[in-house]
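Here come two complexes built around subunit A, the first alongside subunit B, the second alongside subunit C.
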Partner chain A sequence: MLLNFDRLGAWKWILLGITGLTTAFLILPIIFIAALSFGSSQWLIFPPPSWTLKWYAAFFADPRWLEAAWTSLRIAAIVTVLSVLIGLVASFGLVRGRFIGKEALRALFLTPMILPVVVLAVALYAFFLRVGLNGTFTGFVIAHLVVALPFSILSITNALEGFDKSIEDAAVLCGASPLEAKLRITLPSISHGLFSAAVFSFLTSWDEVVLAIFMASPTLQTLPVKIWATLRQDLTPAIAAASTLLIIVTIALMLLTALVRKGLKS
Partner chain B sequence: MTLLTEPDNRTAAPRARSVRSRNFALTVPALVLLVVFFILPVVSLLLRSVMEPEPGLDNYRALLGSTTYLKIFLNTFSVSALVTIVTLAIGFPVAWALAIMPSRWASIVFAVLLLSMWTNLLTRTYAWMVLLQRTGVINKTLMGLGLISEPLPLVNNLVGVTIGMTYIMLPFIILPLYGVIRKIDPAILQAAALCGATRRQALTRILIPLAAPGMVSGALMVFVMSLGYFVTPALLGGTANMMLAELIAQFVQSLVNWGMGGAAALVLLIVTLTLYAVQLRLFGTARMEGR
Partner chain C sequence: MTAPFLHIRGLRKDYGIVNAVKDVNLTVERGEFMTFLGPSGSGKSTTLYILAGFENPTAGDILLNGESLIATPSHKRNIGMVFQRYTLFPHLSVGENIAFPLKVRRWGKAAIDARVRKMLQLVRLEGFEDRKPAQMSGGQQQRVALARALAYDPPVLLMDEPLSALDKKLREEIQHEIRRIHQETEVTILYVTHDQEEALRLSDRIAVFSKGVIDQIGTGPELYADPATRFVAEFIGDSDFVTCRILSAKDGRADLSIGAGASISGVPVHGTAVAGGTAALMLRPERLSLRREAAREGTSGLSASVTDITFLGSSIHVAAAAPSGETISVRLPFGHEATSGLSRGDTVSLDFDPETAHVFCG
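Coming up: the complex of A and B.
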């Protein structure tokens, strides 16, 4: 009765009403920001008095915005590669290995996910100040790698646990070297896990704010840090333009994920 | 023949052992990264809370003995509790509807949930700063409708933080709760109907108790994540309702007081890990993400 949509009676409309309102609540602010980025009003009046591309022109004309975006992209790309590689190797150890303290190690690898980021940010900031990594590109990559790695390990161990190792053993029996069997049989079979590891690692680094605020220096900052610093001064529509570009990246990644999932299934 | 196979048999055993140790070796890069750049920095930050400015528990005495800081602790807990209650109240009916509505509609709602979750945190917070400001759309609309004559103060206060945090946390409660409700056998509710239960009875005596583990687990997750949140409270909240994460950042960045910063971090860490342990104890698994 309560779990049958057609037999809910009047409750059906209440549930649908709440769901509709919640969906609108979740989507409208995103549409709103995208719309405002094309609005001419400096004061973000809505609906805008007229439409313009000047905030995008300002974004692309300002080397600081572009540089921040470029820095973000480079950091996220390197973090993605390292996180998938280290995560892949560690996952093989966690899934295939038989050593004491394996479960404890697995739990340890996931702790950066549950620890409040601000604690890690402050701790790493103190450490980086001492060793001279603060405000450096390497520092950013390390900080983001620490928070991205758990997602990578989680995705890849899941995929690896679902893979039947006897297929790899069969390849070895048929004359493949163990490495060849891993590269040509196992890796393609867990590619969905590797792909989600890459997407999550990229997004974790690309969107990361808190660590970046502490790591940033006047000469090196990521896009979220630039948005944060601008936000603290005023709510200029330039942020709406930058935000809309970020939303487009997000949607592109979502579509890519959906496409890859579909491709892997067929 | 025997001469040839024997050495092979002998090397087989040590080889198996070396494979095991090699498998452990595979986890070493990740382990080194986490020990050097995660465990050691966090431990040394916590040590500074009892070492600086001089050895002892003075920092904790100052932190727990002052009404200013106690107010911040209290505020952190009450904002997190409020956000948890609101997300649960909205999230339960939405998860319920998602579990039973036609899949075409459900997939639209899922797409929106994912888009909202994946959109940059600052973008979402910025959207609410613009929407809620004095001259923002919400105040303009309410004044246009004649419901209010003066703009309502919606940002830099509890209202702003609650709206912004609820917005961010909703997917984290809807998605797991959807999974739990989806697993409930509809036949149980049919049986209740056949036995004469009214809709209200079926809801309060069957559906809610069966969904309760998912509700508690989702609520714990949202509560823990809210406790350590930094960005949204810093931008949408006011100075009067500062939260713990902001206090930690302020100790370190503005006051350069590492001792107090470490002490406040330890308090947040203990609360978070305790609640996480409760979650693990009750439900076996936990997946969280804090920003």
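Coming up: the complex of A and C.
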């Protein structure tokens, strides 16, 4: 190897320092917010004067918080299912299809990833005003589907490209119809791609705030929107508790992903 | 007359303006081991894929027991196939892989279990049923693929260069296995390869493919001893070609002269021989004898000068240049008296039986 860590001498410590700083920069805000959620002060003071669980009690006692969390969960779940299904069908077309403009179409599918979300939000808002989808559950799902789909398509096309089509052909010659061969052989073989697609789609919807602010109505809002709205009215540490719960779900999903990946490999 | 077991008739396949298969005609007997031999792009694999139903022919027909296969989709053709690449289902165990075609056919559990055991026995992989494909070597994977393809007793087994990813020693070992399994199961096998040695080792008959047509069909010895075209002569066995002039030709034999000296009579001729025209004379290295003197006028001996001598263990390979500059190779057994003391630049005379040489015109 060109750079051998053990032979770097003093540089080693500088590298370690930079790594430590970067990690701290990324992780400290999360630790900070988690610590605040257990603090007894009602003004989000750091360090907290003493520790308490009352903000979590407040969160679970308030039907508005729970409703926002439940809305988030429902939207994320439906977006996940649709995103994986549409992503799967689109990926088959993009990988196996033979048509003009395939590469262009593939790039087009990925544009929501690079387009500024706020631009997308304004465009969707204007469009939904015309068709009457603003503030509706369906509008939420469509908006989040637009940003989640690129992740699905990316991971599923990758998995499908790594899958040798001869294996599917072998299943067909064994007597399985083309559809049966795809369901029983191809899908299980690209399950890691489907799983990544599901996790990324869920997380994209779960903690998405910009589109959600545009789509929300006073009666329909997701957890991130509720956090944002509450933050503008008062600074109750219940916000910190809600944020911490949001993060816990995310981290739990990431851990699950890592575990499943490991399981799939062995 | 009964219909042949498998009959490929006037098969043609175009991809746009590219003509991959021009006109393939072939009959295969039940239980026969038929190899499609040819370089890449000769149409042999395309023909196999049409048989499997993955490609539709532009024209022509395939009849199995007198009935056309063309309209039947791949999964209903009941044909077995082993692919060039490893195609075991990665998420299923070896046993489940072999059971897959049987489950698709709705066999009962007991029947499936018994069949899987029997197939594992056939390919000599007893005790491997719980392994995953990733835990097996390439050779073992191809044997499981063979077991899976034979599990449902298909009338025809297609094999598309199944050993090309394996190293030479393993390849020979599995060629042996394939021969044994062919004899035990009496399944009809169509085998595609570009390796002449593999074709000769395995096949009952070989169809030599070139540019979308079959140049010749025959047993290995037939193709070797009596090649119909220059291409077949080049592809089966080693051969060198020397330019010659046709003196006269009749009844499939020609008299010819090479350079100024040698004249040879009674050489089997292929193509249209025109007296006075030039043609290519094929010589096999192992059919030539070497004398250490200049060829005498009026004999069939060819004068040549030695350009290289290579020791190859059991044989010695002598390369010699004909007066025209064309290289002729001679293979002699190790210790042959003519080779002792032979060195580069020596003039030698190369003799051969006209029956073993062939002239290709046009």
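We take it that the second predicted complex is superposed on the first by the 263 of 266 C-alpha atoms of A that agree within 3 Å, B and C clash if a C-alpha of one lies under 4 Å from a C-alpha of the other, contacts with A are read in each partner's own complex, and residues count from 1 in each chain.
Please note the rule applied: a residue touches a chain if its C-beta (ideal position, glycine included) is under 8 Å from a C-beta of that chain, and two chains touch if they have at least 3 such contacts.
If you're wondering where the values come from, they're calculated on a predicted model, not measured in any experiment.
A.B. asks: Give the label of whichever partner, subunit B or subunit C, reaches more residues of subunit A.
C.D. replies: B
A.B. asks: Of the partners subunit B and subunit C, which touch A:L173 in the superposed model: first, second, both, neither?
C.D. replies: second
A.B. asks: In the superposed arrangement, does A:T219 touch subunit B (first), subunit C (second), both or neither?
C.D. replies: After superposing on A, A:T219 lies clear of both subunit B and subunit C.
A.B. asks: Look at A:G87 in the shared chain and tell me whether it touches subunit B only, subunit C only, both, or neither; answer first, second, both or neither.
C.D. replies: first
A.B. asks: Would you mind listing the overlap between the subunit B footprint and the subunit C footprint on subunit A?
C.D. replies: Shared contact residues on subunit A: none.
A.B. asks: Could you pull out which subunit B residues touch subunit A in their complex?
C.D. replies: Residue positions touching the partner: 20-21, 23-27, 29-31, 33-34, 37-38, 40-42, 44-45, 48, 90, 93-94, 96-102, 108-109, 112-116, 118-124, 126-131, 133, 135-137, 140, 167, 170-171, 181, 184, 186, 189-190, 192-193, 199, 202-203, 206-207, 224, 227-231, 235, 245, 248-249, 252-253, 258, 261, 265, 268-269, 272-273, 276, 286-291.
A.B. asks: Which positions of subunit A touch subunit B when the two form their complex?
C.D. replies: Those residues of subunit A that touch subunit B are 1-5, 8-9, 11, 14-16, 18-19, 22-23, 25-27, 29-30, 32-33, 36, 43-46, 86-87, 89-90, 92-94, 96-99, 105, 108-109, 111-127, 142-143, 145-146, 149, 153-154, 203, 207-210, 214, 224, 227-228, 231, 235, 239-240, 243, 246-247, 250-251, 253-254.
A.B. asks: Can you list the residues on subunit C that touch subunit A in the complex?
C.D. replies: Its residues touching subunit A are 52-54, 73-81, 83-91, 100-101, 104-105, 145, 148-149, 152.
A.B. asks: Which residues, counting only subunit A, touch subunit C once they are in their complex?
C.D. replies: The contact residues of subunit A facing subunit C are 164, 166-167, 169-178, 180-181, 184-185, 188-189, 191.
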